[in-house]
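Here the chain labels run A, B, C, D, E and F in written order, and each chain numbers its own residues starting at 1.
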Amino acid sequence: MEKGIHNCFLESHGDYSRARAVMIGVPMDFTVSFRPGSRFGPGFIREMSWVLESYSPYLRQDLADISLFDYGDLEMTFGNPEKSLGTIYKMAKKVMGDDRFPVFIGGEHLISLPVVRAAVDKHGNDLVLLHFDAHADLREEYNGESLSHATVIRQCAGYMPPGNIYQFGIRSGTREEFEWGSSNTHFYPFEILGPLSKILDNIKGRSIYVTMDIDVVDPAYAPGTGTPEPGGCTSNEIIEAVHMLRDCNVIGFDLVEVMPYGDPAGITGVLAAKIIREALLTFV
Amino acid sequence: MEKGIHNCFLESHGDYSRARAVMIGVPMDFTVSFRPGSRFGPGFIREMSWVLESYSPYLRQDLADISLFDYGDLEMTFGNPEKSLGTIYKMAKKVMGDDRFPVFIGGEHLISLPVVRAAVDKHGNDLVLLHFDAHADLREEYNGESLSHATVIRQCAGYMPPGNIYQFGIRSGTREEFEWGSSNTHFYPFEILGPLSKILDNIKGRSIYVTMDIDVVDPAYAPGTGTPEPGGCTSNEIIEAVHMLRDCNVIGFDLVEVMPYGDPAGITGVLAAKIIREALLTFV
Amino acid sequence: MEKGIHNCFLESHGDYSRARAVMIGVPMDFTVSFRPGSRFGPGFIREMSWVLESYSPYLRQDLADISLFDYGDLEMTFGNPEKSLGTIYKMAKKVMGDDRFPVFIGGEHLISLPVVRAAVDKHGNDLVLLHFDAHADLREEYNGESLSHATVIRQCAGYMPPGNIYQFGIRSGTREEFEWGSSNTHFYPFEILGPLSKILDNIKGRSIYVTMDIDVVDPAYAPGTGTPEPGGCTSNEIIEAVHMLRDCNVIGFDLVEVMPYGDPAGITGVLAAKIIREALLTFV
Amino acid sequence: MEKGIHNCFLESHGDYSRARAVMIGVPMDFTVSFRPGSRFGPGFIREMSWVLESYSPYLRQDLADISLFDYGDLEMTFGNPEKSLGTIYKMAKKVMGDDRFPVFIGGEHLISLPVVRAAVDKHGNDLVLLHFDAHADLREEYNGESLSHATVIRQCAGYMPPGNIYQFGIRSGTREEFEWGSSNTHFYPFEILGPLSKILDNIKGRSIYVTMDIDVVDPAYAPGTGTPEPGGCTSNEIIEAVHMLRDCNVIGFDLVEVMPYGDPAGITGVLAAKIIREALLTFV
Amino acid sequence: MEKGIHNCFLESHGDYSRARAVMIGVPMDFTVSFRPGSRFGPGFIREMSWVLESYSPYLRQDLADISLFDYGDLEMTFGNPEKSLGTIYKMAKKVMGDDRFPVFIGGEHLISLPVVRAAVDKHGNDLVLLHFDAHADLREEYNGESLSHATVIRQCAGYMPPGNIYQFGIRSGTREEFEWGSSNTHFYPFEILGPLSKILDNIKGRSIYVTMDIDVVDPAYAPGTGTPEPGGCTSNEIIEAVHMLRDCNVIGFDLVEVMPYGDPAGITGVLAAKIIREALLTFV
Amino acid sequence: MEKGIHNCFLESHGDYSRARAVMIGVPMDFTVSFRPGSRFGPGFIREMSWVLESYSPYLRQDLADISLFDYGDLEMTFGNPEKSLGTIYKMAKKVMGDDRFPVFIGGEHLISLPVVRAAVDKHGNDLVLLHFDAHADLREEYNGESLSHATVIRQCAGYMPPGNIYQFGIRSGTREEFEWGSSNTHFYPFEILGPLSKILDNIKGRSIYVTMDIDVVDPAYAPGTGTPEPGGCTSNEIIEAVHMLRDCNVIGFDLVEVMPYGDPAGITGVLAAKIIREALLTFV
C-alpha cells in the first residue's frame, strides 16, 4: 500500500534517484543565545507550504516541473555542535557529489557552515557566498565559543576568501563586526536590492551559494524567528532579491532561523515556503 | 428593562425597520481545505470594532449618522453547504428586497455566491462584481466539489457575464486559473490601486457589488485568515481602494475569511472593522 | 537514499505488507457545530508521540515488538461528508480484509461510523461496540442533518443491535438522548471503570470495537478538543480502562476529537499517543 | 426582523418582564494587583456556554424551563471603583426589588461588595454569606486602598455580622487574614465539601447569598483566572458543592475572576457556564 | 557576592549616583477602556532588549558609552489613579532635580501627565511637547472621568500653552477631538516625518519633552498594544523620527502602551527597546 | 537611590552576606532532545511567585522569616555543556562552602549533576539523593552523548553509591532503564507518597539532597515542561511529599524542567514557586 498524505514539502516526492533538487531539514538550535526553537523550523515550513499553490504566477512555472526529493530531517546530537556539524557536512558532500541541488532548512544559522565547507570543497575559489541577514554573524567567538550562530560567516571566511563574501541587509552587530565586515567582505548594511543589482555582473558565471536568515525580513512579515530585529525588508523585497539571481549559477541554498514559536498564524512558515518555491524555480 | 452592553458592531442598533444598512454574520467555514475557523470571524470583528472610534477622520463622517442594524449571525447547517447557501440566499433576497444596504461578514468566501446571485436577480446584467483577493478562486472544482471556497468566483461567472467581473490583487492560483482569468474576467494580478483607478470610469453608473477577501492584504497586516499569502497590500492601500469607490453606485458588500486563530492581538479584526466602517461611510 | 526523520507515529514504519497494525489519520471536521480543528489531530498526535518512550512500564512491553504501519492521512472531500465517509469506509474494508488491526485517528467522531459499518460487515451480530465519550451522540439529527458528530452512535445503532452498544462516561446530552440511551443501549452515565469491570464477562469472546472520544477525559487533562465538558475522568483512569480489556478480543480501535488548538503544551496529543501505545500493546 | 444568533448565555432571552432569573455581566478589573483581564470574563462565559447542553443530566432538569434574562454587561467607569460599585449597587437593588434571582458575573471579586450590600438591605441579619475562594480576601487594605479585590469579604463584614459569613476552600492569605478569619467568620481553610455538609442544617431557612471565586477550583481545571493558586478542588467537587445547597433558600449568586487570557481552550469558561447552569437549576 | 544575570535593560546598571540617564517602569493600566495589560510593558521591554546589540549601526554609537540606571518599576496603588500619579510625579521631580535624563516606560498613556507636569515645573513656557500617537487623546473626559488614557494630552494642555504642543501621526479620535486639536495644538493627522521636518527649526533651542505611544506605529509592526489602530507608520519611520531630533534639546522621553499580550514573538518589545536605544543615543 | 520593584523571587533580597538560603537560576537547555525553552524557567518562576503570599497556611510560617538571597541567573556557554556544568559546579561549591542552603532552578535536569557532585564533595557517602521525576534518567548515553538530560541520574550514580539514590514517581523510560533502576537504586515507579513514607526512617539523620523534575506532576497541573508525561501526581501530592521531609536533614534542593512555553496562564510557574516556598520553609 502506498502511503497517504504525510508531512512533506509541497509537490515533493520520496525518490532520491530521480531528484534534481534535495531538501534536508536540520533541527539544530542548541548554540542560540536568546530563544531556541528553530529545530521545529523544517516541520513548520513543510506544514505551511500547503497553503501555497505549486504554480508561481511571478515566474509562470510550476514546482511540479522540478523533481524535488524531501529527505526529512537529519538526526542531531543534541548539545554537541561538532558532531552535529559533522552529520550535516557528510550529507552536503553526498548531495553535491551526486550533482543534486541542495536546499538546507534550519535550524540555527550555524548549520550553514558545513554546507559552505562542502561547497568550497567542490568549487574552490570560484565559490561566491551571498549572505542575507539582519545580523553580521562576524564575531570571532560568542561567550567563549567559536562555533556559534553569531560567528558563522566569520567561520566561513576561514574556508574561503572574505572577498568572495557579499553581505546584504545587515542592521545589527557589534562595532567590531561592522568594522571587520567593512574591511573584509562586500558589506552592504541596511540595503538589499540596490547593492545586489550593482554587483550582479561581478558574480555572473561564478558558482554562487546563497545563505538566507529569515530575520533579514522585518519582524512584521516574519515574526517566527529567534532574534527578531525591527527595520528589515518586506516579503516582496526578499522575493525580488531571489528573482534577481535568475541568470546566475546558484549551486546551493539554505534558509535558516525560522521557528514556529511566536507565530500562531504561521505567516513566517508560509513566507519561508514561498521563498523556497521561488528559489527552486529560479535556481534549479 | 433595556439590555446593557452586548456584542454588536460599533454604533449599530437592533431595529431593522429604521435601518439603512444591515450587517449579517455568516459562520460558515466547512468547505475550507486548509485551516477552518472563519466561522468565528463575525464575532471577532464585532468585538474588535470597539477599539475604533465611530468617527472617520479620513472621510470626516461618523458611523452614528448611518442607521446600521446588526442582525447577528445566521444559523448554518454544519457540513451541508447547499442548505447553508440557501439560508444565506434567502436573507440576501430579503434585505435587498427591502432596499437596505447589505454587509455580509464571513465566514469563508463561498458565502459570497448566494449574495451575488441575489444581486444578479435584482440588477441583472447591470451588475458589476469587484473582487479583491490574494487567490483567483476560479477553479471549476476542488477535490471533486464545485461548491468550495476555491471556486466561488468561477461559480459567480455562471450567473453573470465574466466580463462584468473585475479581479484585483490576485497573487495565487493554478496555471489554469491564471489563464482562465486572463481570458475571461478583467484580471489584474498583484496590483490593486493602479488598475482600479483606470477602470473607475467604466463602472461608474453601474450597480456594483464588492466582495473582499481579507487575505488580499499582506499577512503582516492581516495574519488572522485561513490561507495567508505573503506579498499583499498594506492596510492603507486597501482603505484607499474603498475610498476610490466614493462616487460609484455600490449596492452591496461582503468581507470574508477573517478568523481569530493566529491573531492574538486581534489586529485583523480591527482592520476588518475599520474597512467596514470606511465602506459603510463610502457606499451608503 | 532512505528518508531521514519525518513525521510518523513513534516506532512505526512504512511497510504495509509486514504490518500487524495500521494507523490511519482522518482529517475530517466539517460537521462540527462548535469549534473545528480536529483535522489537525492526527499530525498533532504523531508529533507529540515522540515525547514518549516506546516501552510501556505498565505492561512491560515495547511498541517496537508490534509491527505498526503509519499510513498517514486519508484525503477528504472538504464540505462533503458523504464522499468523505465513503473514502474512510473503503479503507476500513481494505485493512480489515487484510486482517490487520486498524487504528483510526480523528478528526471528528463521525469518522467512526464507516469504520463500525465495515466491522459489522465482517463480524455481524457478534460485534460489540464500546463507546467512551462525554457526549451521548445519540441525536437523530442535528440542525437538520443526520450525518453529524452528534448523531454518530445513533447512526451506528442503525447498523447493529443497540443492545450490542455499551456507553461509558456520558455526562452531556439532551433529555431525549439520555432517555433513548437508557432504554436502548447499555448506558452508563458519568462512570467508566465500575460498570466496565462489571460487564467484562459479558463481552469476553465477542468481537469488540472500541471508539473513544478524547473528551471523555476531563478538560484539565485533555484541553485540546472541540467541545470540552468539565467533570471527566483522569489520564490514569482512561489508561486503566484500556488495560482492563487485556483479555478481550478487540478487533479495531479509534480515537477521535483531538485537536491542537487550545493546547499549546500539547498535553492532549501526548495523552492520545499514550492511549494509542497502551491500546496497541493491549489489543494487538 | 428578529435578531439572529448573537452572544447571549445558553437558553437565555431578552425579555426582562417574564424572567425569573437575571444575569448581569460586570466588566470591572481595575483594582487587581497581578493580572487584569477578568473584564472579559462575562463575554467569555457566554461564548463558551454554547459548548454545553441546556439539559443537566445531574439534576434531570433543563435550563429552558427557567426563564433567564441575559442583560449583557454593565457600563463601568474605568479606573474609578467607587462610581463603578455604585452602578452595580443600583442594578442589584433593582433586580432584587423586582424579585428576580440575580446572577452577577465578574469581573474581579470586588464587584460582590455592592451586591451583598443590596442583599443586606433586603434581608438584614437573616442574610448568610457563603464564600468559596482560594484567597481569604480579608485584608483591611491593600497598597493603601480599602476598596480592593483583596479586601472584599472584610468589607462585607462591615455590612453584616462576621458570624453570618462562611468561608470555604481558602488556601492563601497573610497570617493576619488567617487569624482574623479564624476568630471572626466560619473559616474552613483547604476544605469545601466536608465543612459544607456539616453547616447545612445551620443555614437552612436563612436567606443565603453565594459568592464564588473561580480560583477556588484548582488551576488545572480553571487556568483562566488572575491569581491561580495550586491545590484547589476539582470541577466535580465544586459542582457537588452547588448541588448540596439544593434545599436551601439561596437568594443570589455571583461567580467572579474568570478571564480568557491563559486559557486558549476555554475550559474555564465552560466550567463557569456549567457551574452557572447547575446553580440556576439548583437555586431558582 | 555580586548578583548574576537579572532582568534589567540592555547595558544598564544599578548605580544611580553615576548615571546620566534613568529608566523608570510604570506598571499602571487601570484607566484603560478596552484591553488592560500594559502594566507588564516595562518588564517585557527589558526582557526583549537583550535581543539587540548595544551598538547602533545607525548612529555608530554604543549604549555602553551612556551611563544608564534602570530603577525597575514604581509601586502603583491599583485602582487609584490619583495616588499613582502622585507617585510618578514625585519620581519625575527627583530625577529632573538631579539633572538626570528621565525615560519613563508605560504603562498606559496617562502616566505621561505627571512627568509633563514636572517638566513644566522646571522649564516653564520654554517647554515644548512632541506627541507621537495614533489617538488624539484630547477628550475632556472619558466615561465621566477626566483622568484617563484618552484625556492625557488635553490634561497636559491645562499645564502648558496648547500652542507648545505638537501632535504627529494621529489617525483616530472623535470629531470634537479633531476639531479641538486643529484649533489649539500643532495638529498633524496621519503624517509624521513630513511635518516634523518642517517644524524642527521652530523648536530648536527649546526644551523638548517627547511622549510616544507605541500605537503610532502600525499594528503589523507593533501588535502588542491595547488599542491597535491600522494605518500607522513603519518601524523605520519612527526610528527616523527619533533621529531627526538629533540637534534638539530633548530633556525627557516616555514610551507608553506597550504590552506583551497578543505579541507572542515579542516584536513590539524589541521595537520598543530599539526605539529607546536610539532615543538614548540621540537625546542624551 | 534604592532600586524599585524588579524581577526577583517573592520576599528575597540582594544581600548574600546575611542570607541563609541562596537561589540560583540556571538557564541551560541545550542537551534536550524534544522541546527546548527551560532556560526561561527561572525568570518565569520569579515572575509568577508574586501571585503567592509569602505566608504558608500549611506550615503557618512566612518566607519573610527566612533570609533568601536571589542571585539571578548564571551565565551559560550556549552549546557547550562541559563549560556550563563547570560554571554551575563552581557556584555550588561556593554556596555550600559558605554554609548557605542552595536552591538551584533549572533549566534542564542535567544541571543537577554538578550540584550533586559538589554535595558529594562535602558530604561523601553520607549523602542521600531523593529523585522525583516522571522519567528514570538512567540512560548511559543519549544519541551518543553521556552528558544529557536523559542520563543525569545514571551520571550521579558514578559519583555516589547507587544504593544512596531513591527514585519516586518514575513512569517513563526504556526497558533497560527500568531494569537498571530496579537492580541498583531504590526504584519506586508510579508512586510517591507511599514509598516515601516507608523509607523516611532510613534516611533520617543522613545528609539529603532533593532533585525534583516538575514533570513528576501530571501535565494537567504542570503543562509548562519540555516532555510532559500523562499520569503523574497532583499539586497537593507533591507539596505533601515536601512536607513529609520535615524532620530530615535536607542540605540542598533543585527544581528543574519548568518552562513557560505552552503554559499561557503560568500555572506551572506558580506551582513551582509554591513548591519552592514550601521547600524553603520545610528544609531551611
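Definition applied: contacts are C-beta pairs under 8 Å (C-beta built on N, C-alpha and C of every residue); 3 or more make two chains touch, one makes a residue touch a chain.
Keep in mind that what you see is a predicted model, and the values were worked out from it rather than measured.
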*Listed by label, which chains are in contact with subunit B and with subunit D?*
C, E
_Taking touch as defined above, what minimum step count separates subunit A and subunit D?_
2
*Quick one: how far do you have to rotate subunit A to sit on subunit E, C-alpha fit, nearest 5 degrees?*
120
*Give the label of the chain whose average Cα location is farthest from that of subunit F.*
B
*With over half of the numbers shared counting as same, classify the subunit E/subunit F interface as same or different.*
same
*Matching residue numbers in more than half of the contact pairs is the bar here; say which of C-D, E-F or A-E clears it relative to B-D.*
E-F
*Taking each chain's centre as the mean position of its Cα atoms, how many Å separate subunit D from subunit F?*
38
*Quick one: report the Å distance separating subunit A from subunit F, using the average Cα coordinate of each chain.*
39
*At least two other chains touched by the same residue of subunit A: list those residues.*
75, 218, 220-221, 261, 264
_I'd like to see which chains touch which, written out pair by pair._
A-B, A-C, A-E, A-F, B-C, B-D, B-E, C-D, C-F, D-E, D-F, E-F
*asked:* Touching residues of subunit D toward subunit E in the complex: what are they?
replied: 29-33, 36-37, 39, 75-81, 83, 142-145, 147-148, 261
*Please give the residue numbers of subunit D that touch subunit C in the complex, ascending.*
50-53, 55, 57, 60, 62, 218, 220-221, 234-236, 239, 264-267, 270-271, 274
_Quick check: in the complex, which residue numbers of subunit D touch subunit B?_
1, 3-8, 14, 16, 24-25, 27, 43, 47, 69-75, 94
*Which positions of subunit E touch subunit B when the two form their complex?*
34, 170-175, 178, 189-190, 218-221, 223-225, 227-231, 261-264
